[in-house]
Amino acid sequence: MSEPVFRDDMLVELIDNMGDDKRVVRAARVSTGKDLAIPGEAFETVSGLIRFLMKNRHGTPFEHNAFTFRVECPIFVSREFMRHRIASYNEESGRYKQLDPVFWIPAPSRPLIQEEKPGAYVLKPGTMDQYDYTVRTLKTVAGAAYDAYERILAEGVAREVARACLPIGIYTSFYVTFNARSMMNFLSLRVDDPDSAYPSKPQYEIEQVALQVEDVFQRKMPVTFRAFRENRRVAP
Amino acid sequence: MSEPVFRDDMLVELIDNMGDDKRVVRAARVSTGKDLAIPGEAFETVSGLIRFLMKNRHGTPFEHNAFTFRVECPIFVSREFMRHRIASYNEESGRYKQLDPVFWIPAPSRPLIQEEKPGAYVLKPGTMDQYDYTVRTLKTVAGAAYDAYERILAEGVAREVARACLPIGIYTSFYVTFNARSMMNFLSLRVDDPDSAYPSKPQYEIEQVALQVEDVFQRKMPVTFRAFRENRRVAP
Amino acid sequence: MSEPVFRDDMLVELIDNMGDDKRVVRAARVSTGKDLAIPGEAFETVSGLIRFLMKNRHGTPFEHNAFTFRVECPIFVSREFMRHRIASYNEESGRYKQLDPVFWIPAPSRPLIQEEKPGAYVLKPGTMDQYDYTVRTLKTVAGAAYDAYERILAEGVAREVARACLPIGIYTSFYVTFNARSMMNFLSLRVDDPDSAYPSKPQYEIEQVALQVEDVFQRKMPVTFRAFRENRRVAP
Amino acid sequence: MSEPVFRDDMLVELIDNMGDDKRVVRAARVSTGKDLAIPGEAFETVSGLIRFLMKNRHGTPFEHNAFTFRVECPIFVSREFMRHRIASYNEESGRYKQLDPVFWIPAPSRPLIQEEKPGAYVLKPGTMDQYDYTVRTLKTVAGAAYDAYERILAEGVAREVARACLPIGIYTSFYVTFNARSMMNFLSLRVDDPDSAYPSKPQYEIEQVALQVEDVFQRKMPVTFRAFRENRRVAP
């Protein structure tokens, strides 16, 4: 019997990306026929135009930059991620392979308690007892479920049937590609920033994914990222 | 403690639909400026044009018909369904409500054994013993998982954390809206028809969903459906 | 030789629509599993939920309502319309038919003068002389172009070649289908409302189209429309 | 008055691209969890998997490669191009700038005569006389239209109004970004190949664009391109 592994991290690896801040400027400039005269441009000009585009929600010039990531996360996170339709996905398949016994448990720092307020959604830290009980219980269920999974497989039953007992906390992996505009929409919904014009309350785990995506965004398109933040995370 | 319920059916309910076969004709006819002269049209003309469009893969005239369904199925099926991006979804949330203890088990008629061939994917019936063992095991895991879920909730922990132990065979419900073209693409991938030009091997359970979608399609757009079949299920 | 016709109106005809305000509520309620209990609902509840969804930019529940329009407008307007990609189109074809000699001229009330300001875009009324000169010139060019078009056709040359001389002010007709969410995005960009959170300066003619779309929206989904306006035309 | 320029070429310039054939393999392999073991792979393995994906229309692994092009073409071509919705565009604007007097005329090799057959669409070479007459007429109309455009502008009227007289054969420029799957769909519809499973009869000019796109595709993803051809241009 396979020994289960427990993780509380989200892995986000940049596979490739295309374009930088100047690409946005070049694409935008085609509207006035000035797209061919960019290379030597001063930073201030690039920055000014990008801030103008962001503020006025001219979104299309941000669609010529692309990012591909490889993500490892629990299924309940991949389910949320894949609701973003202006993106491309390929995911590990429970039909084509036996899933590995890797399961999510909350990190000690993960807020556990949800305050019930109409229309709101606030999470607070739990006690040590709550944490211990939760982790212990999740581990027990995951271990028993994976054991059952392997026993059903051992009977010769198809993976696609046996997997029905596996918990949604099991890890999956996938590739996702999106352009910078779609990525900003993703970030506006999956990062909880009190300065947002339209604050969102994402699940903690997808926010851990989003923050890593954001980190790449900031490194690869610093001017665009700053304009996005200044504009209170309203995706253009 | 809540008593688990086990189901092997997929529920597909038509909520609403827009347009019929004549709508396709009308939209197509705008290309030649003859869209305003349809009402009294003979069946043969409607049928002839639709078959022509299908055969030559002129897909856009099929996009002005829309269908909204309410679906109840296991999460592993909704996950496959929601990979179809040219569609609109709203799904039950494990963050906003306590999920009900309703779980999938295979129907006795469900093929259980997968033949391993490179590049192929063939399922065959299992033995009674395999069936009994699988169902018994799935039930045990589901019951224990839901019990654990409720105990974690009873400790005051958030639903979004506790749900991590629930199996992907738990039922969910969602609304989906798509146009006839996107629906045909869905059917081409989710129904296993040996006459298809590009045969697909969908998981049995999503095929049970797709066959019900197809039944509605056939009733509401009989001419289009026939042309789709004649054209060997190549979505236009 | 065909006599040219000159128009200054935009025709927008509702062909069909699916769903009303209650459909939005029903789709949204599936997240908490309460979607099956709506029919007898009070207006206040419907309105309250829709306003909540709009304010917090929960957009997907607005995607299960669909609208199909037939539009007649100049090509320079259809070009702007068809940049909206989350929509379905079928348009009159200059390859499959001889285009009719119907051309756009500005209405007397159409602002003619553009004030040049960096980053702004303001139009003001022209003088009677400017109007007369513009209309007279547009008419002359359109007439000569259509005459040339017919002469090239008379030589036996293909429509797809001959059409190259036709002005972008020639009328076209098309069908468009989109859902309520995509329609709100269209309206947020194509109606100039000083109360908008992100004001847009659309070309006057596409705004004439958009205002008619908006009129249908208001009639068919009055609660959603009011919430959209209250939310300063930020599409959810 | 500006002197008109006449062109019969389509300019397609690769601005950037992301990913190669191996990217497709890597994305596809995540389904079986083998995506991390590719680098040293033999050509035969890459080729075999790509051909398998293409033949069985597993399309998503081809979505992680992206291409950005800058295109110069007449408006009647850009209108056809932009009907492809799974793509990103930024185009020169007749509202933000005065359009340049660059107009399309057919090349001498361009077939001019359309054979009228029901459901078919065949073009054949014209005579020298037909060619001369067509070019002369197109040039005359274009020159007169641009002259009128400049005169209306000189009266102080807005560009967005004056442009209504410009012919659809005037050149525009735009940026387009799409992934390899969407690009193959574009090519399947915009290249006329008698070996296609679903032959298409695109306008000659957009085919001139498509053939240049195809040339880049072939250079950057030779294995995928060959599989696409072998599969009779059915986009996966």
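A, B, C and D label the chains in the order they appear, each numbered from 1.
We adopt the following convention: a residue touches a chain if its C-beta (ideal position, glycine included) is under 8 Å from a C-beta of that chain, and two chains touch if they have at least 3 such contacts.
Only a predicted model underlies this, so the values are computations on that prediction, with no experimental measurement involved.
Of the two chain pairs shown, A-B and B-C, the one joined by more C-beta contacts is A-B.
At the interface between chain A and chain D, two copies of one sequence, more than half of the residue numbers in use are shared by both copies. One inter-chain figure worth recording: chain B and chain D are separated by 35 Å, centre to centre, where each centre is the mean of the chain's CA atoms. A separation of 33 Å divides the Cα centre of chain B from that of chain C. Chain B has its Cα centroid 26 Å from the Cα centroid of chain A.
Annotation for chain C: residues touching 2 or more other chains are 89. On the side of chain D, the complex with chain C involves touching residues 74-76, 79, 82-83, 85-86, 89, 94-95, 103-106, 110-114, 121, 123, 126, 129-130, 133-134, 137-138, 140-142, 144-145, 148, 151-152, 155-170, 203-204. Every residue of chain B that touches chain C in the complex is listed here, in rising order: 15-19, 23, 26-28, 30-33, 35, 60-61, 63-64, 66, 68, 70, 88-93, 96-97, 100, 173-175, 177, 179.
Partner chain A is touched in their complex by these residues of chain C: 52, 56-57, 119, 198, 234.
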